[in-house]
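One chain, chain A, links the two complexes that follow: it is found with chain B in the first and with chain C in the second.
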Partner chain A sequence: MYILSSHEIKQLAQELQASHEVYGPQVDPQTQQVFFDQLTDVAALNLEAPIPSMPVKEILFPQMERILKYRYDSEAQSVTMSKQYFEKPKVLFGLRPCDLSGILVLDRFFLGQEFVDDVYLAHRRQCLLISNTCLNPFPQCFCVCTHSGPDADEGFDLDLTKLQDGYLVKVGSEKGQALADAHQWQLASPAQLSEQKAVVDHCIDLFPEMATDNKAWISRVMNRITTGFVKQETWEYIGDQCLECGACSFVCPTCSCFNIEDTQTACGECERLRMRDSCSFEGYARMAGDHNPRQPVEDRRNKRFFCKLSYPQSKKYLRPGCVGCGRCQWVCPGDIGLPNVVQYIRREITGGQN
Partner chain B sequence: MANCHGNHEHGNCKTTGLCPIVTFPEVVNIDEIRDEIPEVKTFYLSFTNKDVEREFRIKSGQFIMCTVFGAGEFAVSLPPSPENDRFHISVRAVGKVTNALHALKPGDKLGVRGPFGNGFPFEDIKGKNIIYVAGGIGLIPLRSSIVHALQHREDFGRIILLYGARSSQDLMYQPDIREWQQNAGFETFITIDRPEEGWTGEVGYVNQLIEKAKVPVDNSVAFVCGPPVMFNSVIGEFLKRGMSEDAIISTLERLMKCGIGKCQHCAVGRTLVCTDGPVYTYRQIKTLGEQI
Partner chain C sequence: MKAMNYKACVCNLCGTGCGQFLKTDGQKVFGVAPLIAHPVSKGKLCIRGWHSNELLSTNERITTPLIREQGQLRPASYEEAIALVAERLTQLNGEAGEIGILASARSSNEDNFTLARLAHEVFNTRIQGIGAEAGHRKSMASLEHAFGYPGAHGSLTSIDKADYILVVGTDITRQNPIIGGNIHAAQRRGARVVTLSSSRTQIAKLSTKHYQQKPGTKGLLVNALAKALLAIRTVNHDRRANIDLLPGYAEYVASLRSISSVALERASGIRYEEIEEEAKHLEQAKSIVILFSSGISGLDRPTIDAITNLALLTDRMDNENSAVIPVAGISNLQGSFDMGVSGELGNSVFKALATPDSPIKALFAIDHDDGIIRDKARIAELDFVVYSCAYKNAFMELADVVFPLPAYNETDGTYTAADKRVQITHKNVDNPHGVLAGWALFQKIAKTMGHDWQYNDTASVFNDLAKHTPGYHDLSHAQLSKGFGQHWNPKAFAGYRQRKFNAINIEYWESPTTAEFPFALMIGKAQHYWHQNNLMRKTIVPRREYDQTLWLYPHGYIEISPDDATRLKVKDKWLVNVHSSIGTHMKIAVKISPDVQNGTAYIPYFIKNMISDFLLPYENAYAAGEESVVPIKIQEA
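For the complex of A and B:
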């Protein structure tokens, strides 16, 4: 473990900018909103900003992405095609542990199954992950229940924790160690190591009681969802609340459903686009000829929660599919963010007694 | 990875031993187009890259993702047998992309990714009787399996086809059917829904053929493909006769976009039709908890 001054941290970001696209949290001066975006000037990197409103998956799995370009000449009956996804070295600087866990879920899903997703792999291949211990959760956060925060314990190349005087730096990979060796960073003292623990404990204390109280309930709810014991009327209640806006899927760090469409451009070329999709949309499973095997809204709702909180899915991701960032709760107009769904199922188990 | 097309650099060949075309479509030429029945055409295809063609192997029951350039991509089952059969697809014009496909002519090009999916469990059913039950264009996904079984006739007991369509005009693969009817090792029973001038064969629904064919229940597997109404009545009939739920096999149809288990559109129950299916036993289908 090493200790770096704030100045050295900025220097590191600056230096990485020479060879990488560097992304990090920055606060919009006009709106005060936090965005995790590419840094043109490292001075804008703000490691103490609150959680960004959008997850960082945008960088590895964009909302819309061109994956193929082709031109078909029907006269000559000839086709030319070119692959459109490229590898650019990237650094994600100052990731929240919840967002880091989100990337681990996406990694295991896109890269760790029977088939590898080439497009995601191209983004991910040369990516350096620098996580940052969370100091200020927002009220909906519950990462303490899903083992994804407030500090990171796996998956990072470097991990930072803001201490009284400087940043404690943990190394998590060979890439990270190479950076540490090249710079001959100063080793941290035992006092600084225990200070890191105190910082994490302090952050846990900031969580609302409901979030920490739900910890034991998450696994009971997972059990319930996995074994199919959630009552139909509970799913229907949840389904009735859903406005099918899809916002939960778009702000979720682990939601990865996508659609693929070919579109004609003005110059006569065609592009194959892949864009994120949401399983809560009515047309999600509709086939040509209008056959839609999954119509009832509660079917679609429980699909999403099954994906986040069931053992078969968790086995794929080697952790729950939910990382506890609370963004879904924050954006949902129907009050069925994941923490609330846990609450509804919990009420069902306790017969209305919380 | 001996059979990798170089389309990607990883071990996508773990389960099949063959490397499918995963992300980037390969170009195929439309060599010939045949009208099958109203709305359905068969397209005979060949890869423009002959190296890919040599390495392209399918398993009976698998599917491909087919690109109609300018219109989009759709999933389609593979009717050819895995062995020395012309590469072709049979497609009903039912949506935007398939209508665009029907407007093409020989010489036009398509894109192909795949083959994907699990395929029929031929290894497990050696020595058994096979009963094929198809309704309408449900014969398309079964054709591959039928031709394959007939090419390995000695591996199986009785092979029976029960096939029904709305009218004689709606019977798929008529040249094949004529050939199959001549085949002494193959019992074929064909029916149409309503009487028709000049039709001397059976009239009625396909489930009524089960009695007629004296379908054996022990040591048999049934491959059933067709519209949900037919599917349900045929399954009911088989179960009534004591056939095991594991011995009834079908293929599911779902919206597919990626073919490799990532986009999730084909999620049904806890499985994905593109990688866990499209071939399921009736016992599995029953536990998926969704409409067919």
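For the complex of A and C:
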């Protein structure tokens, strides 16, 4: 482990910019909203900004992208095609541990054993992941319950923790080690290592009781959801509050569903678009022959929570499908973000008591 | 430092006026993010807002001016197209009613203000109207009488703090979902939310109390609530306010007193005792928000008058968290009215088109969203039709000249939301075809016809409109760019604070149903259907949602209750024959819904032949909006 000054961190970002597109948290000056977006000037990199409003998956799995263009020449009866996604070296600088966990889940979905998604792979390759320990939780955070924060323990190339003086840097991969070796960073002292531990402990202490308290409850709710013992009334209570906007899926760091559509451009060319989709939509689950196994809204809603919290899904992702970022709670116009749903199911278990 | 790729703007897909970010590189729009700091939407968006990027990426754009030649539209230069418009319209007499203007409730204030100038100063016509104005005119008239200015009283943000929220009609979680979400949140924090609706809408389910009245009796119930409130006031002397000094009070109270509890229950199905209980809650509330839908599917005037009267009677309207808001379905319906492009009585373009011997010969239409074009045959027969829009649609087929317009994020513009909040959207993407903004196009046409306006940019148009539009005086682009908009100032109206009760008539609505036509058919909600879907059909995911309803019910559907389905011996998706009492007929599938009352039926407002063949003959169905009822019989097909 190494110790770097704040200045050296900025220098690192600047230096990486020569060979990489550098993405990091930055604050929109007008609205104070935080986005994890490409940096033209590393001066805008703000490692102490609140959690970005949109998940980092935007970079690897954008809301909408053109993936293919093709043109049919009817005379020659031939088709010309060109792919529209390209590999570019990137640095994701200052990832929240929850967003890092989200990337790991997406990796296991898109780059799994049976099938590798070429588009995702192109965005994901040559991607340097630099995570950043959270110093304090934000109002909706509950990563302590989902084993994804406030510090990262896997998946990063480099991991930063802000200490009193400078940043403690952990190395998590050969790529990260190569960077450390090339710069001959100063090794951290044992005192700095224990300071890092204290920073993390302090952050955990700052979580609201509901979140720390929920830790055991989340696993209990996972068990409940897996075994299918959640009462229909509870799902209906949740479903009644769903306004079917799809927001929860769009801001979820681990939601990976997408839709594909070919459209014709004005000049006779066709382009293939891929855009995010959501299980909250009625048309999402519709099958050929008009069969829809999940037509009522509550059946669509519980699908989402099965995906986030049931054991079979966790086995697939090697961790829970929820990373505790709490963004779904922020964007839901119906007040059924995941923490609330856990609360409702827990209320059912206890028979009304919290 | 280069600005980020996320640009703040105002969603343009309904009258709520939510804040949104568009992710863009200045050429294309890639995505959407909600704007957390926005006072109304607070970081939330609905399915429409979340998919704005799909609409803004569609290839179905009009890219160049077009002129019809031998029946076909062909590309033309601006100069050529404008010269043709000038030449043809100069030959017509605007003053004699030969030129009509059909404005859009989606255009910016700047575009509508310059369109009004074009109509009044250049074409010399007052024959005008807005695509979706029918119901909003009534809301404006009622509110102006009650509060002294034609606009909402109070702010949508009041929902977050009010003690008592009354939702009259409107399937608000579908039509304006973010307002619906805010009401739900208010209910969760302890506000009393009361819904009056003849079907069990989602907001009805989420309310503290739902009064499922019989169709056509919302106004009666609101008046009954006023009567019960008045009774409490009479007993409770120390809470008696001086609202009894307001003009119209005596007549109003006399009308209220005439409400008979027996007749009320017979007409509405709701017992007066329940209303008396409700009035106790209303009396205790310190701040009260009342919401009702406005625009094409809005309420009738007597119902709106009942609402504004009740609002005055509560004597809580001076509380900073009280509000009466006509909720608009289209982004700038309020602003279009403010800019003076609505059809005043006697000058309505719709009336001119519908009257066979009216002198109208030409129509200048903007961004007509309605897939169903009223008086289409008449428009097709006009001598000259000009149409301007960002997107391709059916109106182009009727036009002799077509002009392209930029999308809402391709030009600066201000929009006035349902609660009078004026907000600015800055251009964040270049129009790929370099088309002129609406105001610039109108200015060019005006100049060709001899009028020089000398606007340099959208901000200068706004400065001019601020000077000439009551309530807008202290607004400017520079100031609107700082925060999240500002409500226009009602103090600019002479009648401000001169509150008056509207005159009401107590009528016990008699259902037009008969033994032969026993069902009361209403035109109602549909899950994924907004503004007749011209815009949503150009998206991908929302369009799929709409389509899948059509796949399930390819001929459209009629919603009836499970009991009625049993009685009729029909099952879900079975076809039935629906006959109306005036002899129109359609074949349509049954959709069984527990949210519908026995004896009532709903059809969504989006299946084309339903509207044009079945409903259009019912003049009243249009006039009464949400309260319209058509007696029908349903038979096995």
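By our rule, the second predicted complex is superposed on the first by the 343 of 354 C-alpha atoms of A that agree within 3 Å, B and C clash if a C-alpha of one lies under 4 Å from a C-alpha of the other, contacts with A are read in each partner's own complex, and residues count from 1 in each chain.
What we mean here is this: a residue touches a chain if its C-beta (ideal position, glycine included) is under 8 Å from a C-beta of that chain, and two chains touch if they have at least 3 such contacts.
What you are looking at is a predicted structure, and each value in this text was computed from that prediction instead of being measured.
The superposed arrangement places chain B and chain C next to each other on chain A without a clash.
After superposition on chain A, the vertex angle at the CA centre of chain A, spanning the CA centres of chain B and chain C, is 80 degrees to the nearest 10.
In the overlay built on the shared chain, the residue A:107 is in contact with neither chain B nor chain C.
Contacts of A:277 after superposition on the shared chain: both chain B and chain C are touched. Once chain A of one complex is fitted onto chain A of the other, the partner contacts of A:243 are limited to chain C, with no touch recorded for chain B.
Looking at the shared chain after the overlay, A:287 reaches chain B, while chain C stays out of its contact range. In the superposed pair of complexes, A:331 makes contact with chain C only, with no contact to chain B.
Applying the stated contact rule after C-alpha superposition, one finds that A:261 touches each of chain B and chain C. In the superposed model, A:62 lies in contact with chain C only, and not with chain B. Nowhere in the superposition do the C-alpha atoms of chain B and chain C come closer than 9 Å. Across the two superposed structures, the residue set of chain A contacted by chain B and also by chain C is 259, 261, 264, 277, 286.
Considering their complex, residues 8, 10, 12, 14-15, 22-25, 27, 67, 69-74, 94-98, 107-109, 111, 253-255, 257-258, 260-268, 270, 275, 290-292 of chain B touch chain A.
Chain A contributes residues 67-68, 70, 72, 74, 77-79, 81, 83, 109-110, 113-119, 121, 256-262, 264, 270, 272, 277, 279, 284-289, 293-294, 299, 303, 306, 310, 312 to its touches with chain B in the complex. Across the complex, chain C is touched by residues 26, 28, 30-33, 35, 37-38, 40-41, 43-44, 53-54, 58, 62-65, 240-241, 243-247, 250, 259, 261, 263-266, 273, 275, 277-278, 281-283, 286, 290, 292, 330-335 of chain A. Across the complex, chain A is touched by residues 1-2, 4-6, 8, 19, 21, 23, 30-37, 43-47, 49-50, 53-54, 57-59, 61, 63, 173, 177-178, 180-182, 184-185, 188, 202, 205-206, 527-528, 540-541, 544-545, 547-549, 551-552 of chain C.
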